[in-house]
């Protein structure tokens, strides 16, 4: 679910980043209220745990494995605000150190995985466990919370992708970033999460929380005692589901320009068969058009290619000399 | 039963074991002695297939232990059932919510009937003196109790070979005596015992054979255990005593 | 005294089971630990370019690569990355290219269906941009110590306490990661048959990991308190900028100008 750079337009990334700023600020405030300042460093340990949870290969019936996110798990055991910070830090480490998730899209990734998933999951868990007493309420709450939490994160992911063709395209109407509209991105993201990843998430979350409850129940974060009113549940559900209206309300977006919509709608409809335009072959001159710039001599393009070519030769040379080195010292680990 | 020939292993550029040659027969009780960083733990991990040698060969019970052979599930499982490992840190071996489940984990996997599982769990708990802890979560036990639980759960597999990585670490004297008695009874039962240890005072009479690993990761002496212990000059030169 | 079954050696025919999840998890943890260990090695070599300048340059490169609509500018960005790579050691190049090509390849495969709708330019452009951005980000990670990176973030007005949190995160990823790895090995050694509750075993490890992390947090808090920590922390400052940094910053300015002329 980690979105790399260049799948979302920088504008979308900026919006998602801006959306996260108040969440982060609030989270920091809540956490510093709850813990005294000297305890803050051990949020790092929580973040380490959040990071490592994502590394486990959880078995799926059938023999394959999948990774869990643990957003709802963290919200239940650490509290939602701490979970938000810990997952954000874990995502930062993944982006900076492992190239897992982009730098510009960091805000979007945090929105999906550090905000939507833990908060919604926690909210649902508390809502159910407060109404259905005993162990059943706990389990059902955990299952529902983690399953819906991760799927909602997948949905917001899909919405961010699916809006790109509408928001960002060049003069020819070609999408600049993710080319798939909502009608493609939403099923593409949701189906695997509803069918597999969500189930894995729920199973893993329930199993871990039951283990902790059996072994050391005092370790689980005790949330606020206030009851969560049903009206909020309805509101949240509405907010989360409203983007789906974008799928149906194609006409509402007609205001963006009918020819632009036509090109996107063409693309969206064409899934499964090859449009007639392909009979004319691919438009290679589209590349060449972009390679020269009006007003500047063609030489710029040539210089860039020459430098690139030289750099590639040096890189290949260095890579080949690596092969020579490693065949000299074979190491079986 | 266990044969290592010219085994060497390095990790991240640092040498951990150098040209190890070893021949251990069924039923032997062997102590591995050496200073910190000599490679004792690494050798024990290698014997269990957790790390694989860079060079040389490891033959266990007539079969070669390599990355390829361990990919064969049947061989790997039989191998791991036949040779049991007690990690230096007992905490890493405990992942079940109760002691009873922890000990029953092995036999349950082996497909034993419920009666056999119950019998073996009970026997192992009694042998290690932790029957009263059966329902407790291992997490909250003292370090001595944790080590006993880890020992019991490895024993429940009924391995032929028991590899113990510094089993006496952080145990109080009474528990050390207790563990020593358990090991003695296992030797009498015909198990092959391989043990790395620093604690010479508490392992009197346990080992017949001693193997000394030097600080440059090679075996410097393979001799009668009592003789090695009596040679204080040698032990001092190896930074062991 | 010794139970009868312990006295005999029993033959054993294991039932088959799918326990790829243990091996896969072990491999994942091994690779993460080795990467993070190399990130926190603390090499004596002084960095050629200050971490703050590298971070700013990376951000500019990624931002304008992503913003640009012109293939020629993307070509320029690619050339910049190629030149930087060609100045690096072979192992570093291989490490960077492996990941960058994997992500770019994956991107291209995902975008493949859209090519059939006529989106060839878009697919190729995005794939190229992904290749460039991931390679640049990996280059930063491969050539910068974690501690330098976190302190570089301090240049962006991030509070020092947060830097401490980041340092803790990495340190404990190593510690807890090593613990997880040992637990996975222990599970593997005892997985001698058919495990009917695989998720249970794995969640036992994860749950124990959580409890251990809480314990370690408490111990660390106590240890820090004993040494007088009350919540204020001043991170060690990075040394001042040098001539090499000035050159890179000048190149950054030129890059932004290039975007203004040919990239938009």
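The chains carry the letters A, B and C, assigned in the order they are written, with residues numbered from 1 in each.
One rule holds for everything that comes next: a residue touches a chain if its C-beta (ideal position, glycine included) is under 8 Å from a C-beta of that chain, and two chains touch if they have at least 3 such contacts.
These numbers were taken from a predicted model, which means no experiment stands behind them.
When you average the Cα atoms of each chain and compare centres, the chain farthest from subunit A turns out to be B.
A comparison of C-alpha centroids places C closest to the centre of the full protein. Between subunit A and subunit B the centroid-to-centroid distance comes to 45 Å (mean Cα coordinates, whole Å). Here the CA centre of subunit A is 16 Å from the CA centre of subunit C.
Each chain gets a centre from the mean of its Cα atoms; for subunit B and subunit C, those two points are 35 Å apart. Shared contact sites, meaning residues of subunit B that touch two or more other chains, fall at 97, 139.
Counting partner chains per residue, subunit A shows two or more touched chains at residues 211, 215-216. Multi-chain contact residues of subunit C (touching two or more other chains): 19, 204-205, 207-208, 211. Every residue of subunit C that touches subunit A in the complex is listed here, in rising order: 18-21, 24-25, 28-29, 32, 35-36, 39, 58-59, 62-63, 65-67, 69-72, 75-76, 78-79, 82-83, 85-86, 88-91, 93-94, 97, 99-100, 103, 107, 111, 113-114, 116-126, 129-130, 133-134, 137-138, 140-141, 146, 149, 161, 164-173, 175-177, 180, 198-200, 202-211, 213-214, 216-218, 220-221, 224-225, 229-232, 261-262. Residue ranges of subunit A in contact with subunit B, taken from their complex: 211, 214-216, 331-333. Looking at the complex, you find that subunit A touches subunit C at residues 4-7, 9-10, 13, 36-49, 51-53, 55-59, 63-65, 77, 89-90, 92-93, 95-99, 102-104, 170, 174-177, 179-180, 203-204, 207-208, 211-212, 215-216, 219, 266-267, 270-271, 274-275, 277-278, 282-283, 286-287, 290-293, 296, 300-301, 304-305, 307-308, 310-312, 314-315, 318-319, 321-322, 325. Touching subunit A in their complex are the following residues of subunit B: 10-11, 52-54, 67, 97-98, 137, 139-140. The residues of subunit C lying in touch with subunit B in their complex are 1-3, 5-7, 9-10, 12-17, 19, 34, 37, 179, 182-183, 185-196, 201, 204-205, 207-208, 211-212.
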